[in-house]
Amino acid sequence: MSNHEVSHDYPQPFLGLTPRAVEAPHAHVLPKAVYFGVLGALLFLTVVTVATAQLDLGVFNLPLAMLIAGTKATLVASIFMHLYWDHKFNLLLFVSSLLFLSIFVVLSMLDTEGRGMVDHQRENFLPRDEVVEKAPDGVMHPGQPFGATAWDANHEAFEAKHPEGHDGGHAAPAGGHAAPAAAHH
Amino acid sequence: MDAEQLKQLQSMHLPLDGVWLPKATSTIAHVVDDPFWIIYWACVIAFVLMMAPMFWFAWKYRRKSAEQKALSQIDHSQAMEIAWSVLPLVFFFWVFVLGFRGFLEMFVAPAGATEVQVQGQKWQWSMAYDHKGDRVSVGGVGAEFVFPKNKKFKLVLKSTDVLHSFYVPNFRIKTDVIPGRYTTLWFEATEAGEYPLLCTEYCGTDHSNMLGKIKIVDTEAEWHAWLDKMNTTVVDVPTGKNLFETKGCTACHSVDGSTGLAGPTFKGLWGRNEQTNKGPITVDADYITESILQPQAKLVNGYQPVMPTYQGQLKQDQINAIIEYIKTLK
Amino acid sequence: MTETTAAAHVGHDHGHDHAHGEEPNYLQASHGLKSWIFTVDHKRLGVMYLAAVSFFFFVGGLAALLVRTELLTHTKTIMDADTYNRFFTVHGAIMVFLVIIPSVPAGLGNFVLPLQLGAKDVAFPKLNLLSFWVYCTGAVMAVSAILIGGVDTGWTFYTPYSSTTSGSVVMMVAAVFVLGFSSIFTGMNFIVTIHKLRPPGMTWFKMPLFLWGIYSTSIIQVMATPVLAITLLLLIMERVIKVGIFDPALGGDPVLFQHFFWFYSHPAVYIMILPGMAVMSDMIAAFTKKRVFGYRFVAFSSLAIAVISFIVWGHHMFVSGQSELSSMVFSFLTFLVAIPSGVKVFNWIATMYQGSVSFETPMLYALSFLFLFSIGGLTGIFLGTLSVDVHLHDTYFVVAHFHYVMMGGTIMAFFGGLYYWWPKITGKMYFERTGQIAAIMVFIGFNLTFFTQFFLGSRGMPRRYYNYLAEFEDLHKLSTFGAYFLFAGLLLSLGTLVHSLLKGPKAPANPWGAKTLEWTHTASPPIEHNFHETPHAPAAPYDYDT
Amino acid sequence: MSPTEGKFPLAQHFSDPEQQLDSNKLGMWLFLVTEILLFGGLFCAYIIFRSLHPVAFHECHKLLDWKLGGINTVVLLISSLTAALAIRAAQVNDKAGIKLNIIITILCAVTFMVIKLVFEWPAKFDHGYLPGYNFMGHVANPDQAHIFFGLYFLMTGLHGIHVVIGIILFSWLLIKTYKGQFHSGWWQPLELGGLYWHVVDLIWIFLFPLFYLAG
């Protein structure tokens, strides 16, 4: 990049660094078949992931779905986004963003999953409806959950508008629709 | 916060011990103090080792004429680089282990420690002791919490609103107090005296007034006597007034008719007719009791559902005493 | 290339048709307000950033003085508790988001980085302009949040306080969100510029260490700031539609907010200090006329800090209720990040060995940096040690520690850098003696203000306290008087620079005899396109001889 | 600044086309990194709350319509292909191909938003499945369901905003194509727009199984 010409056409137009027309570099062109092939693979994997989600594989459902999604993502990134042929630094950036993300998730979960290890009383924060039950005794009542009553009012207003059964098959099991317990004790 | 309370807070006194750490009065304090002094002296030495050459070079190689160039261009030394990378690392590893072991000691309560419940709320602390099959609850702005020395206590802490942090400098104990979750601490005091309890997690207007007094007494007998005293409730106006002032009611209720706080004033409350979200009511003993134990059961129009329940914190006698007090506020 | 030929270059008439037979410098190249508002010249943008940062430094400083004045007595002195809470929030938020983060990278960096690379501009000049105006938008939003409604959350916005308190929290949070984008754009620009616009012959290890520092900073800006953006977005959502991620009353986890916040804000601490370190390397080399000792170690330590900074955030949370396992891991990792910082300081001191040390104002700030940053770093060891941190967490010890690092480190380096590049930026020499006196005043005032706070903190004085126990009053008084003195020193320091604009003599191209391209190959101030010819990199990054 | 046909418009501060192409692309990749980490924060929240409330998340995911999600996945995948083909068309100077592929991309993106905003979300709102505090659905775990739906609306909403930005971006590219600005000498805006669009697709590739499938 040595010794090229420098333009001295002052003043410059605002927001403009006037480009010069030069010989275009050669572009890396893939055959169309590759692109269509990748789409075919992506569609196939989509069908697979939907199909496997209908099976009950227990704990393996999620890892399997993530594995398929990961494969799809790799295909898109390496072929559609040309990472396979691109500067390796761009690949490094892409990978390191995933790396930093996993650091974020793993170290955060080291906390959220690890609470209560040395003392069960310091365990994880409790869902609202369980707070009362898990209190060591009658004294340490949790405070009123913030805005809980307004929450109830919302539900009541909604129920008035939509009589029971309005949402077809999604009706809650009996008693399952527990309002925040603290408000009613 | 009225002037009297503020004065009371300012009468609080933190026992010191030289220019650095305050006087240590718990058995756990050494896990802070020992590493503190190790690091302190290591830092003093390290600082001298860095600053002495810096000033020496600055003086010795000062530029005497404008044209003067450097005496040499020596610009690397593998041995030195490795030395000053590895040596601190070794020291750090040692300090890390010390700190971690101390940390575990601080947060793992010994077996047999007596459990005390602690609650932080804007802007006061309260504690609940188990005493003779009863539950003795003490709290309020600047409240005094009594413990005997040479006895292990485990504190189980929670908050009702925002984050607070429970901090007794003389005991070297601190933990954040979190709504919806419990945290724990333990201590065993070694010396009778009064030690301030501070809030160290910013929690709003009166963050800096969210103080308490940990009073350590010499014998368990004294402690029990204090608990007995706290556990008896005479249903009369002075007791009610005292409860009103120490149970956090003042944060939201005035007694002089002024409005602007979150809850209604107590002045002229007794016998008043109000509209609630469940219909009209008259303020009587039943309604006040219900409002203290189940604050959201009947909410007077125009007020937000922000009052915490006092279920389990106030006994019926105490509620009755408060009712007696409210009756006097005409 | 030797100095004489460089000087010849600078003065050489390239035959351009101009009244003086010389190309106008970047300040004179075009005129009028529009030529500044819409400029894509990195130098003008740098100058505008510096002006904006200086303004907010003054505002944040005033807030600090009011806070310190309130703390003169242990009860009410001049304001009530709510006002006090707003002022310390204003001080923290302005200093962090509007001053320290953009100060060196966006201000000095914008000006110096392309020059040191022998480039005509940054890679994306328009993005650079956008970044500045995004910064201004964020600044206006922040100021309006402060003026309308006020914010009393502290700059850390901890939930559930921030999700429930009144005031313009949403506006403030949105302002910080916007400012984050400004920071990201600058970072992206610098990474690409350093990767792709290096001059012929300038390999990675021939770059001045300033560029290494800025490069590492930019990596953190790009990688960490988006997480801040999403955190703030979630906080806004928590307030507006009550999603239930951070507010325990809605089923959320307040400690998770702290993870989210510190995942950005701890690396952000290094966004703040790495550029300071970057300036240090160049200043130390220039004022000792020596190559920086252990160049590769200093360069790699910047990268190491950038990477390790992402895995230590939990040391802000040792007593937050996070799991003991996390505390252990984070404490261990925290000690690792201390090593590269230490390595840098040792190398700078070693650079002075057998050098030709002179004491112009920038060097005084550099020496202040070494002194103060060492204290800041060493006191970090107390805080990284788990059990000791339990006692010291959220006390004035922490306040003193991070002021020693952020102000004793970054702001000292920023002032040093400002004096160092001032002749290049403005073409004027400042009055040396006043500059030196101001630097010494700043040093004394700073120590008076903040060293006292180490005593306060270790005795148990919690931070963000409006009233405090009477025992602490004497030390607080001392700290406040120190703050006044410090403020006077800073005013004198800025005044010296402003004075030079009016009365200063014309600066030569290279007043310090430094060896980086911005000194050797451009005039003071540089021409609009920086160089007449793309310069070749010198044989070594700091090519001094004996 | 319409570039000359077949020639490369070299900006003044670059010295050769490779430098300019590489710089722009690197800049775009850095931007994509910030996008990934932006969504990353939400994914982190999702993972943590999912592991805290596995049952609630399982129950709630059944309330989402995987068929609509599946159609949207297919639509986005096709648009990703056409975005890539548009660049290829420019590289081989196939002007009609650029237009066709961009138009298909935009149509797919619009379809995606229509399915989302017309068929999917209103149905959820009707059932009271609103984010956060407004949640009023009758579900088994109302105290955690609002978190699931909060995350669902935030994540798909933020993704949807990105799709809308993509529509605007590609419309702008289409106008430029009609002006004849893209040819075998200059096609990089298409490439950068395409990179952005692929990342929008990538994020959906993960959102789809996490919300609609894996319970």
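When the chains are written out, they are named A, B, C and D in that same order, and each has its own residue count from 1.
The definition used in the following text is that a residue touches a chain if its C-beta (ideal position, glycine included) is under 8 Å from a C-beta of that chain, and two chains touch if they have at least 3 such contacts.
Everything numeric in this text was worked out from a predicted model, so none of it was measured.
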Among all chains, which one's averaged Cα position is nearest the averaged Cα position of every protein chain shown? C
Which whole number of Å gives the spacing of the CA centres of chain B and chain D? 48
Between chain A and chain C, tell me the centre distance in angstrom, where each centre is the average of that chain's C-alpha atoms. 33
Whole-Å gap between the CA centroids of chain A and chain B: 38
As a quick test, compute the distance in whole Å between the mean CA positions of chain A and chain D. 13
Provide the list of chain A residues touching at least two other chains, using ranges where the numbers run on. 1, 4, 17, 89, 96-97, 100, 104, 108, 112-113, 118, 122, 124-125, 127-128, 145-148
Among chain D residues, those touching two or more other chains are 12-13, 15, 19, 22, 26, 30, 33, 36-37, 40-41, 44, 48, 133-134, 143-144
Tell me, which residues of chain B touch at least two other chains? 104, 107, 161, 178-181, 183
Would you identify the shape of the chain contact graph, picking one of line, ring, star, complete or other? other
Complete list of chain pairs which touch one another: A-B, A-C, A-D, B-C, C-D
Residue ranges of chain A in contact with chain C within the complex: 1-4, 6, 8, 10-12, 14-15, 17, 89, 96-97, 100, 103-104, 107-108, 110-118, 122, 125, 127-128, 145-148
Which stretch or stretches of chain B touch chain C in the complex? 6, 9-10, 12-14, 16, 19-22, 31-32, 35-36, 39-40, 42-43, 46-47, 50-51, 53-54, 57-58, 61-63, 68-77, 80-81, 84-85, 88-89, 92-93, 95-96, 98-107, 161-163, 165, 167, 169-170, 172-176, 178-181, 183, 196, 198-209
Flag every residue of chain D that touches chain A in the complex, lowest number first. 1, 3-4, 6-13, 15-19, 21-22, 25-26, 29-30, 32-33, 36-37, 40-41, 43-44, 47-48, 51-53, 63, 66, 70, 73-74, 77-78, 80-81, 83-85, 88, 91-92, 126-128, 133-134, 136-144, 184-187, 194-195, 198, 201-202, 205-206, 208-210, 213-215
Considering only the defined contacts, which chain C positions touch chain A in the complex? 14, 16, 23-24, 29-30, 34-35, 38-40, 120-121, 125-126, 129, 160, 164, 195, 200, 223, 227, 242, 247-251, 253, 255-256, 259-260, 263, 310-311, 313-314, 317, 321-326, 329-330, 528-529, 532-534, 536
Flag every residue of chain A that touches chain B in the complex, lowest number first. 118-119, 121-126, 128, 131, 136-150, 182-185
